[in-house]
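Shared between the two complexes below is subunit A, which has subunit B as its partner in the first and subunit C in the second.
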Partner chain A sequence: MATIIGRRVAMAIPTLFGVSILIWLLLSILPGDPLAFLLPQDATPADREQLSADLGLDRPLVVRYVSWVGDVMTGDFGYSPFRRRDVSELIATAWTNTAILAGVSAVFGLTIGVAAGTLAGVYRGSLIDRAVTGLAIVGLSVPSFWIGILLLILFSAQWGLLPAGGIGSLEDGYLDYAKHLVMPVIAGSLITIAITARVTRASIVETYQLEFVDLLRAKGLREYQVLLHVSKNAMSPVLTTAGLQIGYLLGGSVLIETIFSWPGLGQLVFNAISARDLLVVQATTLVIAVTFVLLNLAVDILQIAFDPRQKAAG
Partner chain B sequence: MATDAMTTDAAALARQWMDADAPASPESYLQAGRRRFLRNRVGLAALGVLGLLVVTAVAAPVLTTYDPNVGVPADRLLPIGADGHLVGTDEQGRDMLTRLFYGGRLSLIAGLTPVLIATVIGTFLGSIAGYLGGWVAAIVMRTMDMFYAFPAVLLAIAISASLGPGLVNVIISMTIIYIAPIARVAEAATRKIVTAEFIEAARLTGAGTPRIIATQVLANIFSPIFVYASGLVGLSIVIAASLSFLGLGVKPPDAEWGFMLNSLRGTIYVNPWVAALPGLFIFATSISFNMLADALRDALDVKD
Partner chain C sequence: MAVTAVPERTARQQPRPSVGSVASSAPAPLLQVEGLKTQFPTRGGWLTAVNEVSFELAPGTVLGVLGESGSGKSAMLRTILGLQPKSARISGEVILEGRDLIAMSARERAAMRGSSVSMVFQDPMTALDPVFSVEQQLVETIRRHHPMSGEEARGRALELLHLVQIPSPERRLKAYPYELSGGMRQRIVIAMALVSNPTLLLADEPTTALDVTVQARVLDLFHELKGREGMSIIFVTHDLSVAAEIADEIAVMYAGRIVEQGSVEELVRSPQHPYTRGLLEANVRPGQADRPEAIRGAPPNLANLPPGCSFAPRCDLVEDACWSALPEPVHVSASHFARCRLVTASESN
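Now for the complex of A and B:
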């Protein structure tokens, strides 16, 4: 088992390098003048060359990439002239806020998705099944930012029950903090609920058709005991999709955080895009992508650890 | 055993012989697909809704007399059902229905075009990788794997942001994120048929690789790719609107549903339900495409 996990970890390393190359290329080769914002209006060509040399932009691409990766590995993402702060500083605060929002959304979305999918799978063909399957299509198609705005209209504009945005402070009590989380979590996790419910239902239905279920019933197990065995065996695809879902929550956070003014990575990206602060866009994208790769790696390791066949293989 | 096989062969041959004389010729794969699709009421309803949305987008100038981009300041933020404005006006006094009709043009184009272009490129890459295998497949498919390391929406945002705002850049960035999954589907489908006898037969007749891919492979991997790509369209409509919502798509005053939703965001305390309308159109389009894709998958009988 250890060798399989080792191989899986080793596979993640070229992926991470690929990710870093892709992001770096995106922001280094594409059109747009990185110096335009940094130079004064009356700059001479000599000033331009001087700044270019100061920033190391006159070196060959490969050298620039290697030095960039070196900086990033030591946590140095550069300095944002727009925010007048170190990019790493901006990212650290934002990452925590996004992790909280994405974490709560993931727990909420996965729990409801698994519950709904299991119900639909157990009572296959019933009214519940059709309702869950129908709602899942709705959840897959609905734009999260529209749901966000509908929630704002109802709970904030019309009824005044929930704060329209921002992050609560724990000093105002847990209730206030929770109130700020409600709408972003619901809007963000709808798609997670939909996808998880679909995958869970399919996996449960498929597992019920396996022969061991007949054996369990023949042994005289009650239906809920059978379900226990079935759900254990149906877990693998659900776990795989869970890893991906958290990644989608991180990616979708740009929209949700923008609507609800949640000070996380998503809002950081959005503001950086508006200001064309590409260094921040680059760093944030990299941080999210690396988190995503590591999460999926963790899920794969969990899968291997839980799979009895792998244990037997030693 | 051998005699068994021979008798069933003989029976099959006899049946074929009889069938050849039957008045009705057996229906082709696509005919059967069409027959099954026409029986699916949900699929037909979705097709109807999409037809309506396309008609209102294309025929917008005929359907309404208002200018989509110029408003009347005195008529700002009228509610749904106001005189002369069936679903109200926006923050600049422009007729909402007019803008929703015109907005459908850019929203549909931005959602559909990337899927079409990516399907062509992805099928090309995937079929070549699947057919040739070896190091070609390794290079192509490992490069595609790189794109799976990103949440798709985030990658689209990053590419779009680097290219700068604009509808063309939105289309480019979305095309890039769809190529990898389509190439995977095409490669898997090609690998499945590459050892089939009809490919072997084509090779024996002396056909070269490009010819075999063009005449034999493409026709046989069409269904799974078509079904997968049609399933992408619903998502694509939402992603295109998301990018516009973030200000990466169209420039004002052009009408586009995602962008309209964002500019009306500030008016929800004054005129809430008008502000929600562009989202309703995005949702209706996206869910119709998803239901249509499900119906097509059932009709063409493609297993996931």
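Now for the complex of A and C:
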């Protein structure tokens, strides 16, 4: 078991390097002059060269990449001249805010999605099944920003029950903090609920048709015992989707974070792109990509834990 | 394999004996199937997989059910065990130890499954849950029917693996199904079926999916189980030689009906139904030079059965009357009947 996990971790390292090269190249090669925004209108070519040298932009690509990776490894993402802060500091704050929102949304969305999908799968063809399947399609088709705005209008503007936006502060108590979370969590996890419910239902239905289920019943097992067997077998696609969903949530939704003024990664990267704050864009993209790779790694390891056959497959 | 006609068989000869009439002359049969019918909804109407099947099984006997694919033999076993989907339409009686399995609630039936009646499936590669260990799957079965500690259940699981002759059972107990060979898996499926010493074991082509050499050894195991006190077996197979080897009695199924039934000796020596004869001729005999004779045509559409004999379209001896009326069972001896109008009844009957 330990060696297989070790192998999976080792396989993730080249992926991470590939990701870092891609992100770095993309922004180094893209058209658009990062200096243009930093230089005053009346800058001379000499000023420009001076700034370019100061920022190390005159060095060859490879050297710049190696020094960038070295800096990143030590947690140095550079300095944002626009925000007048270290990029690592900006990222840390935004990532924490997004992680809180994503964590709550993931727990909320995956729990409801798995529960609804399981119910629909077990009672296939019933009213519950049709309701879940129908609502899942609605959840997938309705844009999250529309739901977000609808929630804002109803709960904040109309009834004044919930704060319209911003992140709560723990100093105002947990209740206040939680109130700030309600609407962004609901709006943001709608798609997670819908996708998870659909995948869970499909996997449960498919697993119930396998032959071993007949044997479980032939042994006289009770239906809830049969469901336990079926659930464990149906787990694999649900885990994979859950990993992807958590990945998306952790990437920070630009729309949700903008609507609810949630100071997370989505908002950070959106503002950075508008300002051509390349270092922030680069760092945020890298953090999101690394999160994805690590999540997939975690999902892989969980899959091995749930399905002994994967141990043999390596 | 000496087979003797059991006296209570006479009771079966009446077209539809009531439960009471059986008890009068002979010891009560272990299993009594009466007018069992299983239908599935299809776009073309109701498909009749099991059609008015009636038979009895005495304690300790083995009934071989012979037929080609789609003849309803597996569907019959599943119906007896209550494994058919809810959409299926089921009628008739399956009386095991005096209780009707069809009439009882799903909950009661689940409690009977694995204790009084259990089943061995055709394909051991897909019959076991791939993500649970052999031990987990055996222990849960044992504890479902016998309240005992996990430790005791593990001991019992080990005993069962010994019983089905699995080499180094301690190690196999910890294994997952994918780590075991087909023959080994089938032994484990059999061990699971034996957890509660069932009085009735249903075996659905248990050797078909196995290699020939493994087949022979699993069949040997069934021979040994046969000797176990009180256990009756319904052994479904499409292989006449397997049926002849393991069974006391053979029922030949065609298009959902039992078309001929008799002791192994009677059936092999003097097959009465043209279909049974066809099956015998389709079998390769030792020293046979020419190709075995296949039965021409294909089984009928079970959603749209002809009014007369289901075998008429494939029968070489077909007469006009065969097409119009369903042939009644004709007894050639007390223990041997065939559903064919060409068969002449024995004088003693």
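One rule holds for everything that comes next: the second predicted complex is superposed on the first by the 307 of 314 C-alpha atoms of A that agree within 3 Å, B and C clash if a C-alpha of one lies under 4 Å from a C-alpha of the other, contacts with A are read in each partner's own complex, and residues count from 1 in each chain.
Just so it is clear, contacts are C-beta pairs under 8 Å (C-beta built on N, C-alpha and C of every residue); 3 or more make two chains touch, one makes a residue touch a chain.
Just so we're clear, the structure is a prediction, and the values are computed from it rather than from any experiment.
Bringing the complexes onto one copy of subunit A puts subunit B beside subunit C with no clash. With both structures placed on the common chain, the touch criterion links A:274 to subunit B but leaves subunit C unconnected. With both structures placed on the common chain, the touch criterion links A:195 to neither subunit B nor subunit C. Look at A:259: by the touch rule set out above, it reaches subunit B but stays clear of subunit C.
When the two complexes are overlaid on their common chain A, residue A:87 makes contact with neither subunit B nor subunit C. Of the two partner chains, subunit C is the only one that A:306 touches; subunit B does not reach it. A simple residue count on subunit A separates subunit B from subunit C, and the partner touching more is B. Of the two partner chains placed by superposition, only subunit C is touched by A:225; subunit B is not. In the superposed pair of complexes, A:26 makes contact with subunit B only, with no contact to subunit C.
For the three-chain overlay built from the shared chain A, the minimum Cα spacing from subunit B to subunit C equals 8 Å. Those residues of subunit A that touch subunit B in the complex are listed here as 15-16, 18-19, 22-23, 26-27, 30-32, 137-138, 140-143, 145-146, 149-150, 152-153, 157-158, 247-248, 250-252, 254-255, 258-259, 269-270, 272-274, 276, 278, 281-282, 285, 288-289, 292-293.
Residue ranges of subunit C in contact with subunit A, taken from their complex: 78, 81, 83, 110-115, 118-119, 121, 123, 126-133, 140-141, 144-145, 176, 178-179, 189, 192-193, 195. Across the complex, subunit B meets subunit A through its residues 145-147, 149-155, 157-159, 161-164, 234-235, 238, 241-242, 245-248, 258, 261, 265, 268-269, 272-273, 275-276, 279-280, 282-283, 286-287, 289-291, 294.
Per the touch definition, subunit A reaches subunit C in the complex via residues 210-212, 214-223, 225, 229, 232-233, 306-309, 312.
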